[in-house]
């Protein structure tokens, strides 16, 4: 009896040890791989951050990197040293720069990130808030081959759903061409791409207004003493002196440019309207299907009948009857016939 | 004229450079310009004589079938009468086919086999097993499908069914599905395999998968007889005899409605969880009404739907019949395999308010729900040792007298709880093998096939367990 | 590569045998291959059935014909293989169905593509028809459901339409078998080369891209002087269509000339 017990215990011990130390599939190895993966993620994230800094013409420091990676400065400097050993970054004084190899590595990561966001936006019903987080995970996983196939499937898109350019297969990305805020015309829509941090007083004044790169603004009015802009639902007044510190990129094809705010969902049954545009939030397959139905700018469309419960509504367009849900017709901009 | 492969990629490079200038939304402009030219051409060659006909027939029908007050009753009446005609109309031909295949040809084959001295086990495996299962499936499946599918197809041909999808879309949108799922679900009431194939009409991948996976919650044609029989025996008997019919009918309808409820709940949770990442795009065209072509519809729906599904069912039924015969007749130390299995699962089965016979019947009658009850009866005889009913061990049978069935089942230890739980389990269990196979064919994915198979049976076991526990608390 | 390409021969089949084999089409017993394209719900399957005698269920909704139906018929002692392509609204989007249809017409180079359209909804159906004409030189327009159009008092000047599109236009009512003989004759005429199509090509300006299209178009014309519709290829390249990019890169696109 006792002997049997010992045998059982021995067997158990061996299997536990095997479970931990078994090559490839063992626990220890798994843990090592997870750690290595984490290390890889940190390295790649650091590269990405450095690239963003250079693209937006700001300076990257150890402090900003450790902030971005949420690690200690000690750990960050280890990461930088590692990257330097790999020949991906170069340090000049306190400033850290990407080498050409580092730049193309970073662009590869950004390419995956933005393609994945595009994929989520076009092909899934995952909500906008989750795109970035999911892409952050995916960008460290996909192989070159998988990425290229994904790009082909998406029709080799140029921009991600946020309007940021997607680096190409040969890791090229167009240079940002910014203009000064004062160069915009009234009514123009643009994205803030850079806020100059010198002189400091001007910079802090601008940040206290809540402005930061990436925000979309619309110029409402400008004269010699004041520039009025709309930014995220707020109207701000900026004196011309401050405005020289803001560089923007005009956005040509924004849906905000569609004059009409009247949507297809507003027209009653029996009434006709002319389509003036489709919202940019109609994406991917959904957008293409509507276009195929002939729902393009200039098309006359007539509300034909509502379903039993009120949503969807059937519309007559180019001789056919097509049912659209309210969440689709809300995104189709029209002009009423009687107003033409 | 073979041109040498060109390695110069300057064209691609230029195109890629220019793409950045052109921007992402030029697809819109392209379609816009194609349509503009289409409009010009169309205006050149199309003339509409006089005013568009005085009376817009399509519009007239559309206004009636989508009206708040008339729309729903019309839909309900039409679909209900389709089912009613199917159930009533299938009775006679079913009996006829059964009398030929089961009552005439089966004994004839048996006699033939014994006259030429075929060993009893071969005779049992092939004639009592394989042949009888096939005969059963054909006689129970063919008539209802041959009636249901043509009627359904006529409604489809006429153009009414897209209007049903249009009317029902609001509900299905809320659960993340497509209005056309109302149609695949209705089709599922005829046959789940056909319902799964019908999901092709949904061209958005996510909604199509939802429709496929939830189709099994439609109580199919093969399960109605089980429901009706069990409800008559166990529910109808709870009330005074005059209300018996109503009570059992109400019980069957409740189970069917419960199935619709589950299909919506499962649709909703699938769209929120595992299918969140699948592509989704709503489109629904309402075609003009067209006079249906009766003869062609009869022909095509018979070929495309009825015989197609029937063939798949037969292919699965024959081996199952053989297995059924074998488990009842292969004995180890004087006890059949079936009894071993039943004894083994009985504690668990009784715990969830069913019994071992039911579990075994559902395992071996996986090819078609139609043969569940005959298998249950055969196994009950085998286990209880009741004499005087049935036609020998491993031979499926049905009893014409419902009191005999009731007596036999009660001898097998069935209670009202067993009855209720069997009705629930008949709704919530894995799809039949024909449907499973069809799901795989349609999705080309083991993952979704497995999900569609395991999800309902998990739900079935859980629900039966819950009901059994509640039953034990309150009685 | 097709051995008939060497000399211009009016009676020779034009299909691309190598690509057809790649697409899974067995051409061993056939002289010509015919593709059937069209919007969903235009009676495309009925036309297919009338031509082949097969019976395929015709549904009222898109997606009914899943997979590819194939059949055959003999006309004037020539054996025709007919392939029913999935019903699509367009050939430009990225759905699998549209890719199958597009690749078949472009790379398989059927001897004739029959475009089935609903006569009651000409404008909407022309969207697809014009896209098909962009990628093939040999097509026949089957103006189906002409009986229904008549009922709705819609009159279509099919001769004029044929002149505009540069291909035969045959009004049919496939359900009643009306016009099928004429359709067969047109298919034969185009396949055998006795009718030379001059397909209509989209030419109108596309907002803001003309310069880019012209630039690529020029380069394509230089590199592939015999390519019939370089403008369309240029448009596809600008849209980032991977299949076309690959075909231009490998030079495969040059083989699509006859």
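Each chain gets a letter, A, B and C, in the order it is written, and its residues are counted from 1.
The rule is short, and it goes like this: a contact is a pair of C-beta atoms (placed from the backbone, for glycine too) under 8 Å apart; a residue touches a chain by one contact, two chains touch by 3 or more.
From a predicted model like this one, the values you see are computed outputs, not experimental measurements.
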Centre-most chain by CA centroid is B
Any chance you could check whether A-B or B-C wins on number of contacting C-beta pairs?
B-C
Between chain B and chain C, the Cα-mean centres are separated in Å by 38
Chain A-chain B separation of Cα centroids, rounded to whole Å:
44
Chain C: which residues touch two or more other chains?
90, 92, 95, 120, 122-124, 127, 239-240, 245
Spell out, as numbers or ranges, the residues of chain A touching 2 or more other chains.
156-158, 285, 288-289, 291-294, 318, 320
Among the residues of chain B, which ones contact at least 2 other chains?
19, 23, 27, 31-32, 35-36, 285, 287-288
State the interface residues of chain B toward chain A in the complex, per the touch definition above.
16, 19-20, 23-25, 27-28, 31-32, 35-36, 59, 62-63, 66-68, 71-72, 166-167, 169-171, 173, 176, 179, 204, 206, 271, 276-288
Residues on chain C engaged by chain A in the complex (per definition of touch):
89-90, 92-95, 120-124, 127, 239-242, 245
Using the touch definition up top, name the residues of chain C that touch chain B in the complex.
1, 5-6, 40-41, 55-64, 66, 90, 92, 95, 120, 122-124, 126-127, 130-131, 148, 152-158, 160-161, 164-165, 175, 200, 202-209, 212, 215-216, 219-220, 223-224, 226, 234-235, 237-240, 245, 248-251, 254-255, 257
Going by the contact rule at the top, pick out the chain A residues touching chain B in the complex.
120, 123-126, 156-159, 165, 168, 174, 252-253, 278, 284-294, 296-299, 304-312, 314, 318, 320-325, 328
Chain C contact footprint on chain B (complex, rising order)
1-6, 8-12, 14-15, 18-19, 21-23, 26-27, 29-39, 41-42, 44-50, 52-53, 153, 156-157, 159, 161-162, 180, 200-203, 285, 287-288, 290, 293, 296, 299-301, 303-305
